[in-house]
Amino acid sequence: MRITQRVKKILDNYESDNPGTKSNLARILMEGKLGGSGKLVILPVDQGFEHGPARSFAPNPPAYDPHYHFQLAIEAGLNAYAAPLGMLEAGANTFAGAIPTILKLNSSNSLATTKDQAVTGSVADALRLGCAAIGFTIYPGSEYAFDQMEELRELAEEAKAAGLVVVVWSYPRGPMLDKAGETALDICAYAAHMAALAGAHIIKVKPPTAVISLDAAKKTYEKAHLDTSTLAKRVEHVVQACFQGRRIVIFSGGEATSDDDALFDVIRNLRDGGANGSIIGRNTFQRPKEHALAMLAKIIEIYQGKA
Amino acid sequence: MRITQRVKKILDNYESDNPGTKSNLARILMEGKLGGSGKLVILPVDQGFEHGPARSFAPNPPAYDPHYHFQLAIEAGLNAYAAPLGMLEAGANTFAGAIPTILKLNSSNSLATTKDQAVTGSVADALRLGCAAIGFTIYPGSEYAFDQMEELRELAEEAKAAGLVVVVWSYPRGPMLDKAGETALDICAYAAHMAALAGAHIIKVKPPTAVISLDAAKKTYEKAHLDTSTLAKRVEHVVQACFQGRRIVIFSGGEATSDDDALFDVIRNLRDGGANGSIIGRNTFQRPKEHALAMLAKIIEIYQGKA
Amino acid sequence: MRITQRVKKILDNYESDNPGTKSNLARILMEGKLGGSGKLVILPVDQGFEHGPARSFAPNPPAYDPHYHFQLAIEAGLNAYAAPLGMLEAGANTFAGAIPTILKLNSSNSLATTKDQAVTGSVADALRLGCAAIGFTIYPGSEYAFDQMEELRELAEEAKAAGLVVVVWSYPRGPMLDKAGETALDICAYAAHMAALAGAHIIKVKPPTAVISLDAAKKTYEKAHLDTSTLAKRVEHVVQACFQGRRIVIFSGGEATSDDDALFDVIRNLRDGGANGSIIGRNTFQRPKEHALAMLAKIIEIYQGKA
Amino acid sequence: MRITQRVKKILDNYESDNPGTKSNLARILMEGKLGGSGKLVILPVDQGFEHGPARSFAPNPPAYDPHYHFQLAIEAGLNAYAAPLGMLEAGANTFAGAIPTILKLNSSNSLATTKDQAVTGSVADALRLGCAAIGFTIYPGSEYAFDQMEELRELAEEAKAAGLVVVVWSYPRGPMLDKAGETALDICAYAAHMAALAGAHIIKVKPPTAVISLDAAKKTYEKAHLDTSTLAKRVEHVVQACFQGRRIVIFSGGEATSDDDALFDVIRNLRDGGANGSIIGRNTFQRPKEHALAMLAKIIEIYQGKA
Amino acid sequence: MRITQRVKKILDNYESDNPGTKSNLARILMEGKLGGSGKLVILPVDQGFEHGPARSFAPNPPAYDPHYHFQLAIEAGLNAYAAPLGMLEAGANTFAGAIPTILKLNSSNSLATTKDQAVTGSVADALRLGCAAIGFTIYPGSEYAFDQMEELRELAEEAKAAGLVVVVWSYPRGPMLDKAGETALDICAYAAHMAALAGAHIIKVKPPTAVISLDAAKKTYEKAHLDTSTLAKRVEHVVQACFQGRRIVIFSGGEATSDDDALFDVIRNLRDGGANGSIIGRNTFQRPKEHALAMLAKIIEIYQGKA
């Protein structure tokens, strides 16, 4: 597998990691249509856990089949496919080696009584399923945030020793945050930074709004004259918060939308702000496959600077 | 590495520790411009976890880059650099051997709902990253204080067996304490003493005010005719509480301030009170590098008795 | 080391313990001026944890130094010295072999929000520091009593397997007990008995008052026509509760007092009631050393039946 | 990574293996110029261990540098590179992800006094170095064959659970075999079969001669009228012995030779006999790089049926 | 600790190692008079084990005291001091941090009945004693060589994970080798290469003679027209065998000699051949201290290119 100079430079930022982890990171970064560019698009399918099967798959019934998502990610030329244990078990053999996979190790659900997640997979599972990475969600701000970080610590230590990549979904929520706060710029940057400090290799956050949520932070943002007028500018700030770009940061596709152009505009802003890419689930697998493929092709072109 | 008589005498106080721990303590005490003097200045960069990236680094944007802090500590001739896992991982290879590092094993954050911290690193991490010490925060007075002390016990036992130094941040807070109580003299001395009893090698507390917080303690302080009129005198008392000076005690740089002279005055009081040194983060890395270097040079001169 | 018949007879009571535990018990019982008599006086210095350094040591500042307490115990010819981890670490090398030590494995503090204690040491620590025993506090009546007993179980099992002695501080407190109840005779005897049942080798309780606290117990005490008129008589009852004298029971020196004669009178009652001895901290190390030595000499004479 | 139908069919043969092992097997089979064809050429560099550095590398001194071999394998478009621990450690970071690697876990040497090998690496090493497979040599016929098979069992079990591929070098030698016997057809087929039975995913043997070594086997071969007249025919038989082609079998390049055409002729026979490929060391890295690249290009063309 | 560019370049060769191992390697390479030059001189004192105390220390009786050797290494400005467990235990506290130490984990003795060594220390010992490295001897050619390599494998894996450096003494001996063979050029280069393949960070061999021992190797050396006429040329070849200089190789001081000038001549040849340094025991500690210090000063000057 030829490794581009751009990717080699990214790998160099992971200077304390072993060659195993770097190899798996290289596999993700060299895969698909964006392979070698330093940009990446990942398909995550943990919606079934989070929102239930019907809310996730009824809009596009073929998506009930786990094989569908492997195929979608492969046909679209994405960099990786992320899902919980059962979802990967149901296709990992058929699609062995066909696309880097990320085993999402914890998940919440709509019936949950607490702002926590259940750990439903292990590093050993990731290895036996041939995954390149583990995925883990933390909820900074939740009453369970410390517990989650401590679970992450143990799993990440084990994963790194086994040469796997650690992807952290950092989703702020909890009593300190109202709805607007969850996607506020200061909170989003903070959540990304905490994931980086906890040792994540790849960080996933939501695209930030221009809101500044914490009173204690408002003065700072004013003083710094940080331009928060465009998403691109705000993304730049999140990239800063990820060790000045030393850690890969990718952004979710946001709420389900039927407005493709609005989505493309978001992607252009992510690109212009220096994001490493997108992780985009609902807005792809809930559309008919041809539509999804066309949309992903366009997204990739945007990251390639062609659209 | 030549070990001065002054440092040897300090090492002798750690009479139950193995030569591994003493070697690492010696590495810290012999490093930098204060090396050999028995005084030390440490750069801690866990503010990103505690207050978020913007509040920590926006005042001096190069500080978003983890390499910046390694370089600042090295150029300033400090004794050690302390930070959480991701921060050290992002520079430990480039700066291998260049300055003793302290892996901060737990951290809180501004979104937290409880007066606790998450453990985000391990003793094995400290060894693989080449650290000289682990760092751990306890919150005496918090509902989680006992849990934290028990986490510390386990980690400290493992660290000591592996020849590492144990640095304890002892920050009182909780329902028994109002804001003034958190930095009250009796509370500060108590917090330092508890860290010493828990087996800390290096104790970090905040500079104490003249307030006496606990009713039960007021009589004692009155009876003892303890002079609490100056910070130097109050520091003397904290040093007493650290086993009559048998344990190294260092003080935080306090709230972010723009008044350098006020800060230097604090340092002079710390020195005159017999403190072993300072651990000073925000007030250095939030200033432009040249300013920070000048300030640290002055602080070091104060500890050297030259300013 | 010659073992007296009296001590041999005491050791025989610990009939299920291994020779390692008996050897360490013999070391304690044969040490100091009371060595061989079956009586013992122990110096405990965990006040710094419980009440803070100033309340503990300001009345006699040399006591801030951990070496002071080793020296006091040795010069006074006591049987053992008990303290938390850091306190022993700071002197265990200088005084290696000089006096049996007891590592106090858990401690509370005045800032605590719950009637619990933090475990701050381990059996491994006790072994590496050359201790003869571990010490552990339980609070019968506290919401945490069961947790504490279960912690004790684990630690005691490990300690006994390693040939260490287990000393249990049994201090009733909690929602079922008012202030008078905490030192009531029925409660005190009950607390001692629970420690014995939990497998303690040496039991420490407070001198009981004549109060009977539990309604359910009052009838029994009345029916039994138990003479509770003198402390000596009440101590006799506590000794009964300690397996009819098959377990060593020692009593605390009580609240800090400036009235030496009152204290001596308590000791005479303890002796006459058949107590095995005293564990006496504040009333010794808070007095000037010469005064403390004189007082301890007198206490020892009382136990020797000479005063 | 697109997986060809040919490779998928091969993966199907490994029906009891987990998707991790299949992914790594796919990585090897899809890599390089033969990627996807079901054929493979591997560069092994354990000659330094087996024959010493000068005999291995003096003919082409740049080969003393471990980076040379990574580069050779990559530039030649091979499927994988196999070497002992130190050799991989010295390049695994620079070439992370660039080519599948096989950690050769045991090695012999020319100074050895027994027909055994030393285990010099572990499955954990393979994971931290990002390897796709472990390699292990057994010597059927040696006094140590059972010990080696039992070492293999343990390592293979661990490797398979972690999703790695197991490559077995099966080299008959020992008191039952004379020099001719070591490469005899019956022995070679037998050695390959034992590796298959022991659970190997990829089997490496030497090209067999027409000799039948075991008396007990001669009758069978005669009776079966097996055509052993050409290497291709004999290779066909070895393929049969590898579960009728259900296991990948590759052949060594044989003794160092300066006759390229002779070597190409061997390769053509291997191809025509249905071998999956070659593992060819000395005959490549001992030639000047340009010569080696030309030779490997030709070998690949032969396997592609173009030469 | 300032790290020179020369040392940084050496550290880069250890590309798969963690920052802990690199930090300890940096400590060794930056220590003493040669600190930063990439050259190193180590004092090894395992002669007492190998030859008995009188043969080792009677020529210079102060050397019976373990402290003597720490002091000699420190006063001479060497890079490290290597010794077996007891030797380090007897001085590690007094000299904590004063010089990097190497715990020699296995040793033979003159009463031994086999060409093997006993493992007398552990990685945990190395950590508690504050060592920068472990040392281990293999005897390529011995009947126990495979066992030794497997012991090394386990210890090296553990040491590397804990951030320690692995130093391998590779001393050929055994039935395949006569006396001349043990120091033959081909054998010495082979021994060094095997240590490198087994994962050694620093390799120690004896200065090679011009003898070529293995018949199978003679042709190679003739064909390669390798100039073996001077020790410098032969050392060049050994450096090649250590991954073309990617691994540090140091040479023993050879047999005890009273001819200082002959020894200096050897050192000049080592330097000119590109050796990284010397490990020199008997020829230093068996001389009076002043003589030894003068001799070591001269050796260091030679490595500095000044003599």
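By letter and in written order, the chains are A, B, C, D and E; residue numbering begins at 1 in each of them.
Here is the rule we use: a contact is a pair of C-beta atoms (placed from the backbone, for glycine too) under 8 Å apart; a residue touches a chain by one contact, two chains touch by 3 or more.
Each chain and its UniProt protein: A, B, C, D, E = fructose-bisphosphate aldolase.
These figures come from a predicted structure and were not determined experimentally.
Annotation, subunit A versus subunit E: rotation angle of 180 degrees from the Cα superposition, expressed as a multiple of 5. Look at the contact of subunit A with subunit B and you find different residues on each copy: under half of the numbers used there are shared.
Chain centre most remote from that of subunit E: C (centre = mean of CA atoms). Computed from the mean C-alpha positions, the centre of subunit A lies at a distance of 36 Å from the centre of subunit B. Taking each chain's centre as the mean of its C-alpha atoms, subunit B lies 57 Å from subunit D. Chain centres here are Cα means. That of subunit A falls 40 Å from that of subunit D. Contacts with at least two other chains are made by residues 15-16, 18-19 of subunit A.
Taken pairwise by the contact criterion, the protein chains fit none of the simple patterns, being neither a path, a ring, a star nor fully connected.
Pairs of chains meeting the touch criterion are A-B, A-D, A-E, B-C, B-E, D-E. Touching subunit C in their complex are the following residues of subunit B: 13-17, 140-143, 145-147, 149-150, 152-153, 157, 172, 174-177, 186-187, 189-190, 192-194, 196-200, 214, 216-217, 220-221, 223-224, 226, 237, 240-241, 243-244, 246-247. Residues 48-49, 51-55, 57-59, 61, 64-66, 84-94, 107, 109-114, 116-122, 124-125, 128-129 of subunit B touch subunit A in their complex.
Across the interface of their complex, subunit E is touched by residues 1-3, 11, 18-27, 30-31, 92-93, 96-99, 124, 127-131, 161-163 of subunit B. For subunit E in complex with subunit A, the touching residues are 15-16, 18-19.
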